[in-house]
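One structure is given below, represented as structure tokens, and several questions about it will come after.
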């Protein structure tokens, strides 16, 4: 009976985490929370060249881009495919935050047709854009390198990487650069990218409490 | 080995429940089952005033209203936001049923940006509308108070409340009134509302069997 | 502590399987993977006769047909309903594969309004169509009977059946015929149909390795 109670406790806790977006961690890059893809390298399309024209909105962002800011629910294909083995995506976060970690997710090994399109070597940087017009070039002096990592096909399909050298600055824009993938010469698929952190106010409040 | 078998049994059962819409209980207010929102208090919109006009259908029901009759899958933002800290929603159930319980769900604490928009004090009533025209005012004498409750931020995010004073009457319309929320002055978010019960026929059949 | 570790290990493994599309098995009939419904018997519609016209695409395939090639996430109603107690669906797979098994899924018992619309006796056949025009009648000599089974309402809601008499031939088209259902005189609902197997290349590679 004690064992049963033990087991049930663990199960309920783990399922709760699973039900809470898989990780149980707030994501400031979630589309349904207000984040959006602002810019990206050339997307990969299986169809004819003309589809690119029809699939983009006014700002040149592909209609599939938002898929990387939404849950995938274990489905192969629910990703944003970019051309080649290197590229980038720039995301406007829901709010200005102090970033703590990022999570890169690919489809699970057990249901994947092919995982050679998974990103491999990645670099994540962030900056505070505020209400600047989108057309103004980003002042690279204000950019912060948040983390560099390599996505490992042998580990869990959602891999979290902490921001280096905390405490960090406030950011509302984030950029994921991938410089290699796991073998596909044609394209790289981004299933989901999450950004974890806290809002500046809550920090000040914590500081005041201690 | 026995322990392993024990543990697996519990796990499989709990995951089954989780996979079965989280609770493993029939929901007669589910949109994909045929239920619809018929009426509601003023919705909350972040954008300009004109959006209200574009976002409503012919009956004055907001296009986001149905979100409260669909699963949220752990995503913040998959809710129907109403203006202020009090308001209501009226739902036509899939079928006339004898109600047993209702479930109010908010986003899980671990992935929420802010939970001050969760409803707090609630009252649920129901009635049998049948094929009456929608415009005819509801005869309040026919309305039944089903339950009153307070949504608790410290408990599980899906909270079920039994109908008071069973056995109850047959209803096909239900109304959720919230008179307070957890602190937001601007709006209250309803992630999901479910209605549990049984169809009249199955009752009669049960009575006949005993 | 050892028991805790045991339990957690089992839980994490089972949740991983659950998160990986429920079964943790590759599905070559998944819509998001590129599979499509090519043909089916008369669909069942609740509304007026005219809806049939509006709900079909150019090839006479109903817009709801693809629901059977997508996850249902425990929601009743997320299915493709066909008229009567017998009928069929023909699916073009994502790729030519050597089939190993198929899975037929209905909504879970605990959340279902009524399960009399579940298919019962089924027959699955497959063939290689390649780039033949769709209009050319299938040469029945090339068709393979893959399996015959009966969907059991008392078992798990996703039921997997192995292909009989392996090793089998390469196919890219599959046809599910149901000859009876669990009691509904009006219609039969197909929640999801999956096709498992492997790509011809990977077999040759395995053969070369051994």
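Going by the order they are written in, the chains are A, B and C; count residues from 1 in each one.
The rule is simple: a residue touches a chain if its C-beta (ideal position, glycine included) is under 8 Å from a C-beta of that chain, and two chains touch if they have at least 3 such contacts.
Small disclaimer: the values here were computed from a predicted structure and weren't measured.
Shared numbers divided by all numbers used gives the overlap of an interface; between subunit A and subunit B this overlap falls below half, so the copies present different residues. Simply put, subunit A must spin 120° to overlay its Cα atoms on subunit C, rounded in steps of 5. Inter-chain spacing, taken between the CA centroids of subunit A and subunit B, is 32 Å.
Under the contact definition stated at the top, the residues of subunit B that touch 2 or more other chains are 3, 7, 11, 15, 18, 22, 73. Remark: subunit A residues 3, 6-7, 10-11, 14-15, 18, 22, 73-78, 108, 110-113 touch subunit C in the complex.
Subunit C meets subunit A in the complex at residues 3-4, 7-8, 11-12, 15-22, 24-28, 30, 32-34, 70-71, 73, 94-95.
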